Each structure stands twice: as structure tokens, then as C-alpha cells.
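Pasting the structures in now, so scroll down.
What follows is a pair of complexes built around chain A, which joins chain B in one and chain C in the other.
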Partner chain A sequence: MRTLTVARAVGWRMLHNNFTTPSLLIPGLAFPLFFFIAFAGGLSRVNDVPGFDFPAGYTAFQFVFVLLQSAAFAGVFTGFGIVRDFETGFARRLMLAAPNRVGILLGYALGAIGRWALTAFILTVVALLAGMEVGGSGVDIFALYALAVLVNFVGLLWSAGVAMRLRTLQAAPLMQLPIFLALFFAPVFVPVELLADWLETIARLNPVTLLLEAGRSLIAGAPERVGIAFTAVFALIAGFFLWAVRGLRKAEAAGG
Partner chain B sequence: MTAQILHLARRSVIRTLRQPANWITPLVFPLALMAVNTGGLDAATNLPGFPSDSYLAFFLAFPFVQGALFATVNAGVDLARDIQTGFINRLALTPMQSGALLVGHLGGVIAMGFLQAVWYLAVGLAIGVRLESGILGGVVIFVLAVLIVLAFGTFGALAALRSGSTEAVHSLFPVFFVFLFISSMNLPRNLIETEWFRVAASLNPVSYLIEAIRSLVIEGWNAQALALGFGISLALAVVGLTLSALSLRSRMART
Partner chain C sequence: MKGAIEVRGLVREFKGGIKAVSGIDLDVPAGQIYGFLGPNGAGKSTTVHMLTTLLPPTAGSARVGGFDIVKEGPAVRRTIGAALQEAALDPLLTGREHLKLQLALHGVRRTERGGRTDELLERVGLRLAADRKIGGYSGGMKRRLDLALALAHRPRILFLDEPTTGLDPQSRSALWDEVVRLKRDEGVTVFLTTQYLEEADVLADRVGIIDHGRIVAEGTPASLKAEIGRPTVEAMPGEGTTQRELEGILARFGELQPSTSGIAVRLDGQGGLTEVVRALDAAQANVAALHLHSPTLDDVFLAKTGRSLEGSEEPAEPEA
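On to the complex of A and B.
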């Protein structure tokens, strides 16, 4: 109960900060939309590349990438908020006040999901207005958004682990860059078999490829390797949860 | 005046070199993005009408323009910091001519732009790109790349002089980024299927800067592409320089 109370309070604070501070809110909304417009609009002709046979069309193909990307980065940007709390001394007071400090982590996770939810809603509306075809059933689409929520959690746990260990905004590139690389060394523009050989080799080893392929199969209405994708994302969550909790313990040991 | 310009240009270059993030990012990030896009969109060369059989050669123009963007924002931030810290006010107490500040600052930006252009072209050639326009084409690419850096640099300086705020200059980055992505950077304009995007890319001056450099790499000598590229970058430079000079006059008011 105490954990949930702490989580709710921290989550509410993160959401309040995000939705009342334009400099935090606008980039989180604008960048995914911009990527979607640039990729789905500018590259739609890629649909005609021999060997590209995604049934729901290029807009849906790109939508899944941008949806997962926005989820991961909403988690990462929440990590910036955690760092700010440490830099301003708020985290020290928070740790003194919270009877269960894992609740703090869960609260940040609630904040990350909340900030992404608005982005996902706007992105979905824009994609549908742009004529995106959805072949998947309600269950498929629910699974797609569930996958994205879990990716959001992965992004948050990774960045929280970094934030709580380093406790400075100078660590921002360390939070962003691995996520950025993992996302872009995956089949972003075309299916994995159409990538250049060197990128295909990396992409096939990259778990993000599995998530993208599962997400795309869900929106197309032909689910494929969805169970493996969920297993992979749960494994990532388990690993990064340990990473984040150990980071929390290090922050506690350092006195916030 | 020449001595003043040289002093300020030297200061601008040294300050950039002392902040590794300011020169490592422009050298590495555009090439990383080039690697990702080239690996991901290599299959686009199979589209009927694609102008090259190498996506790498097609995309090589991109780092020149993105690098110019980085150099511009970094230099604009440095100028804004000079304003925030009062350095410009102290300069205003000296006999230095205000024009020397702008030219010296832009000299530093141009020097960085030139180094970046050398790096991008060297990497491109090392990984197998051959210039259809030959060695002379390489020289023209350097000149155009420097002109683009100058053109963008004047707008970075303008933002710094108008706002006097590093945050405001940083906020220019996404704006430039939009111009970069809503352009013909990924596909030639005639192969962009979505009509509004093709129109936006055709109205976007950045498309013509990219296409001018690209023409030297994959086509040889295309007079129209070069005229548009040089003309637009020159026009941007003149407009940016004029507006910056006017802003500088009020910023350096010695009253």
C-alpha cells in the first residue's frame, strides 16, 4: 500500500510537471510526429521497392516504428526528469519522505507512461487521418499498444538506472544514445531482408528487430512471433529493473 | 580591422576545439546517420528512375548540410554565451569595430565547416564513393560546403544577437532539423510519392543545397543544380549577414 501511495504521488508530480511545462511537453509530442511525417510521407515510394510486400502499406509500416520509438524516448525523457530531481535536491527530500523507495521508481514509470499516452494518442489520430490502413483486429491492436507500453517501461528503467547512478544532466547522452542506436540499427525503413548486408547482420542480433516485426505483423493482422517478442521485452524489463533498483540503492548510499 | 578579425576567428576556433562535444558531434553524428540510412535504404536504388546505383553516393551530400547545421548551432551558442557573460559588453568598451566581431565569429564557423567538409569527403572516398565530376568537382564541393556553413552561420549569429540566449539558439536546432528532413535528402524529388511532401521539399531551399552537392557526386556537372545551390546559399548568406549586422549594431550600442 505504501509503495502504491508513493508511486501515485511521484507519478502525479511527473505528469503535472510534464503537462504544465511547454519545454518538456512540446518536444515529446513534436519529434515523433515529425519523424512519422518525414518517414511515412517522404519515403512512401519505398513501398514499390522489389521485395517490399507489407500488406498494410508504408504508412502503417512506419507508424509501428514511430510508436515504439516514441514509447522508448518517453521513458528516456523521464530519466532526464529524475536527474533534474537529483540536481535540485528534490530527490534527497523524496527519499527521506518515502517509506518504500521502490515506489519512487514505480512513480517515475507511471509518469513515463502518462506522458507517452498523450503522444501515442495524437500520433494515432494523425496516422489515421493520413490514411493509415489497419488490418489487425481489436486484440491485435491492443497487443501492439501493450508492446509499446512495455517498451516505454524498458526505456524508463534504463534511463532511471543511469540517472540514479550519475545524478547529473551530463549523463543525458548516455541515456539517449544506446536507445537511439538500438532503434536505428533495426529495420526502420524496409524489412530486415532488404537491408544492406552489414546492417542486416546487426539487425538480426538486435532485439528491437523482433519487437518491430511483431508490432508490424499485429497492425497488418497477421500476427507473427508475437509471443517471442513479448518474452524478449519481459526479459529486458527484468534485466533493466535490476539495473534501475541497483541504481536506486547506489543513490541511497550516496545520500540522494 | 584585419588583426581584430583574425584574433576573434582564432578565439572562435580554439574555443570550439576546447569543447570536444562541439567538434566530435558534427564529425561523427552525420556519418552515423549516413551509415544507418544507407544500410536501410540501399534497396531504394532498385526503384525505377533512381539516379544512382549506389545509395551511399546518393546520400553523401547529407552530412555536408547536417554538419553545417551542427557547426552553426554550436557557434551561435558560443556567441550567445559571449552576450550572456558580458564579453560583448566589454568588447564594446574597446576600440574594436563591431563588424570585426561578426566576421571573426563567422571566420571561426567557416574554418570548422571546412574541416568538416574535408572529413566527410575523405570518409566518402575511403568507403568507395567516386566523384563523377572528378577532382575539380571535389574542390567545388568544398567551396559550396563552406558557403552553406556561412549561410547557416549567419542565421545562428542572428539568433544569438537577437535573443542573447543560448537556449534560444539551441531551440533553432529542431527548426533546422525540420528543413533538413522535409527535403529531398532521402529520395529524389521526382520519386517522392506523397504530393504535399514533394511540394514542401520543392519549396524548401535545403533540397537545392543537397541536390547541388549530390549532382557533383553522382551526375558530374549539372549547371542548373549548381546555379540553384550556389545562388540559394549566397542569397541566404547575404540576407543573414545583413540582418545580423543590423542586430549587432543595436547589441553593440556604445551609449
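On to the complex of A and C.
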């Protein structure tokens, strides 16, 4: 019970700071919207490329990518907040008060989900206003957003592990780079079948491809490999949860 | 519970083999104010970090509130409050929000948080500034808020790590009053680190002096001062009397001490100030000034380490 109490309190602070500080709030909203408008709008002629046969159209195709990308980066950017807490000493206050310190980690996760939820809502509204076709049922769409929440959790756990090990903002590039690489070596702009050579090979090995394709199949209403995608994301969560908890233990051993 | 804080052979070694704390033993009975005195870098903060479960010890053991600091960390944290050296506050939160967050972290019920927050804000004199973001608080206000946060969940044991460093005299005095009140009215055990001799002398029931990670002296301020000796008399020669003549008279009462402005002697028990005055009068020595210095905790530090505490700075305590 105390773990959840701590998690709620830490999560509340993250959300409070995010929603009352424009410099924290606006980039988190603006970047995904910019990516969506730039990719879905600027590349809409991809719809006409031979071999592009996504039934819900290019807007929905891009929407799923930007939705999952925004989820992952909301998690990663929360890692920046964790580092700031260590640099300012606020993490010590949290560690002194929390009976179970895993509750702090869960609190950061709640904060990450909360800050992404607003982004996801606005992104969805903008996409629908832009004429996005949704072929999936309510269950399909619920599964798509559930998948995104889990991706958010993966991003948070990865960046928290880095943040708690290095405890300096200089770790920021390290938090972002693997996520950037994983996302952009996936079939972002066209289906994997339209990629060529080494890029196709990497994309087919990249687990993000599996998540993207499952997400796109859900919005199109033709679920495909969704079970495998959820299994993969749960495996990532299990792995990165251990990574983050070990990071927490390292931070504890270093004195916060 | 035998003591509020029991420490045996506590060691903390950092990377590179640097020992910040080199095997200390401590016993702090419940309800006492314990002053932990030492220069910067002596190991005070490292000790506090270990006792508050922020930093695991390399060796040795300690119990705080009856709980082992390594094996029963959560129970220790429920028992203690701590205001560390840097008041770590979130500049985006108000004072009131900090308190509510702290109470939530400690699991205080939502219905009780409002009342407890108001009570603490009133107690530390921050009621009028409660709804301002702490980015606009002065250093003294931040310290007071930090103290209120440490007291939020009514801890039995309070750790204050150099709580008055950088405070103006008025804020320092107010904080001293609050520490004394906590002990007197609520029976809180206070473990207070300081580099100010006066602070330890005024507040502490017992004092531990730490230097290079080792406790070099421990006891009540009075017993420590008594242990290192007797008062010193310092005399400055007046017109017609030489330093040599004064030396000859004062040397009869004890060991001569270095003095920059006259002749000083540490009384050895053969006589007090009265006897010294009578001897000077009998010798018809003309004295411009005569001072009696009682031993201070700085004298204790000097006697135990060979150097003065005031201005005695060591390199900052290392990070892990």
C-alpha cells in the first residue's frame, strides 16, 4: 500500500510541474504534432506509391507511428526529470521519505503516462480533424492505446535506468539515442515491404517494427501479430524494469 | 529501546579507498540533543547520510530508533525526519505543496494533510508565504521549510545536518529555539551536525567531535571542557613592567601558553584568578589588562587534534 501511496505522490508532482510550467508542457505537445503534420501531410502522396496498400490510408499509417513515438519519448523525457531530481538533491528527499523506493520509480512512471495522455488526446483530435480513417473496432483502438501506454512504460524504464546510474543531465543523449535509432530503423514512412537492402534487413530484426505493424493493423481493423507484439513489449518491460531497479539500487549505493 | 541511535564501528569508504568515516561508535539516548561537531570534510554529513539510510555503510552497524539501518531501512525512514545540508526543494512547488507532498509520501491520510500543513507553516513562520513558489524564498525561509518538512510526519528522531549554515543571526536563533522546543515539549531526539562551536555548546546535551572520520572526543560540553584543563589567565604589561617580569610571576601558577598580546598561563590548580591578582599586586607589577579565558570546545578540538576547529577546513567529503 505504501508503495502505491509514494507512487501517487511522486506522480502528482510530475504532473503538477508539467501542467503548470509551459516550458515543460509545450515541447511535449508540440513535437508530436509537428511530426504528425509534417509526415502525414507532407508525405501524403505516399498513398499513391505502388505497393503501399494500407487500407486506412497514409494519415492513419503515420498516426500510429507518431502515437508510439510520442509515448516512447514522454517516457524518455521523464528520465530528464529524474536526472534533474538527482542533480538538485530532490531525489534524496524522495528517498528519505519513501519506505519502498520502487514506489518512486512507479511514481515517475505514473507521471510519464499522465504527461503522454494529454499529448495522445490532442494528437488523436488533430488526426481525426485531418480526416484520419479509423477502421478498427473499439476493442482494436483500446488495444492500440494500451500498446502505446506500454511503450511509454518501456521508454520510462530505459531512461530511468540510465538516469539513476549516471545522475547527470549529460546522460540525456544516451537516453534518447537508442530510442531514436530503434524508431527510425523501423518502417516509419512506408511499409517494411517497400524498404530495400540493409534497411529492410534491420527493420525486420527491429522489435519496433513488430509494434508498429501491430498498431497499424489495429487502427485498420485487421489485427495482425498483436499477441506477439504485446508479448514482445511485456518482455521489454520485464527487462527494462530490472534495468531500472538495478539503477535505483546503484543510486541508493551512491547515496542518492 | 536502549538508545535512539547506536553506532558500532561504522565505516564508509569511497572510490579510491578514501575513508570518509573510519569506524565510529556512538550512543545517543532518546530525548537528547546530540551535537556532532567537526570541520568541513571531517565525515559529519557522510555519517548522517548513513544513519538516515541514504548511504549504505562499508562496514560496521548502526541502529536508529531500534532498527538496523541496512536491514530495516523502511522502518528507520518511518521513525526519522531529516533536514540535510542543502535544503533540496523543488522551485516549481509552493511551500504548501511541498508539505502536502511530504505528508503524502509518508502516507498521512488526505483528510489530515490540510490541517497538519497549516500547523507546520504556522510553526515555522511561513504562513504568509505558503502559496508562493519557493524559487522566491530566502535562504532562511528555505531552511525553515526544510525543517517543517522534516517534522511533517512527527518523527521521534530528527537529523539536522548543519541547519544554520549561512543563516542570519535572527533565523539561527529562531531555529535554535525550535530545536530546544522539540526536545522539551515533544521528546524528540535530535542529532545535529555543526561546525559552529557556539551552536554545539548552547544546544547539545552531549557532543561528539569528529576529525578525519574518527571521533576524537565525546561527552557533555562541560565534561569535555573540564577534561582538557583549566582556565587560562592572560595579562598585558602596563607602564614600568616588562613582559619578562610578568612571565616570572605568572609562571608560578601553571604552564605558560603562547599569546600574541601578552603573557598567558594555563592555571594548574595551584591558584585561581584571585591568587594571580594578589601575586601581581605583591610584586607591584603594573598590568594594563587581565583576562580569564574558560576552555571552549575549540580548546577541546585543539587539545585532541593539535589544531583549531575554527577555520580548520578539510577537503569536501568525497562522492561515491
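The rule is simple: the second predicted complex is superposed on the first by the 256 of 256 C-alpha atoms of A that agree within 3 Å, B and C clash if a C-alpha of one lies under 4 Å from a C-alpha of the other, contacts with A are read in each partner's own complex, and residues count from 1 in each chain.
Heads up, the rule we're going with is that a residue touches a chain if its C-beta (ideal position, glycine included) is under 8 Å from a C-beta of that chain, and two chains touch if they have at least 3 such contacts.
Since the structure is predicted, the reported quantities are computational estimates derived from the model, not experimental observations.
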| task | Following the overlay on chain A, give me a clash-or-fit verdict for chain B and chain C. | result | fit
| message | With both complexes superposed on chain A, which partner does A:A222 reach: first (chain B), second (chain C), both or neither? | response | neither
| request: Check the residue A:A253 against both partner chains and state whether it touches chain B (first), chain C (second), both, or neither. | output: second
| message | Looking at A:L169 after the superposition, I want to know if it touches chain B, chain C, both of them or none. Which is it: first, second, both, neither? | response | neither
| request: Give one of first, second, both or neither to describe whether A:G41 is in contact with chain B, with chain C, with both, or with none. | output: first
| request: Could you tell me if A:F184 is touching chain B, chain C, both of them or neither one (first, second, both, neither)? | output: first
| task | Go through the superposed model and pick first if A:M95 touches only chain B, second if only chain C, both, or neither. | result | second
| request: For A:A9, select first, second, both or neither according to whether it touches chain B, chain C, the two together, or no partner. | output: second
| After superposition on chain A, the shortest CA separation from chain B to chain C (Å) | 18
| remark: Both partners, chain B and chain C, contact chain A at residues none
| request: Going by the contact rule at the top, pick out the chain A residues touching chain C in the complex. | output: 1-2, 5-6, 8-10, 12-13, 16-17, 20-21, 88-90, 92-100, 252-256
| task | Within their complex, state which residues of chain C touch chain A. | result | 49, 52-56, 74, 77-78, 80, 82, 84, 86, 88-90, 92-93, 97, 101-102, 104-107, 149, 319-320
| query | Taking the complex as given, what residues does chain A use to touch chain B? | reply | 27, 30-31, 34-35, 37-38, 41-52, 184-185, 187-190, 194-196, 198-199
| request: Mind listing the chain B positions that touch chain A in their complex? | output: 36-44, 46-47, 174, 177-178, 181-182, 186-187, 191-194, 196-197, 201
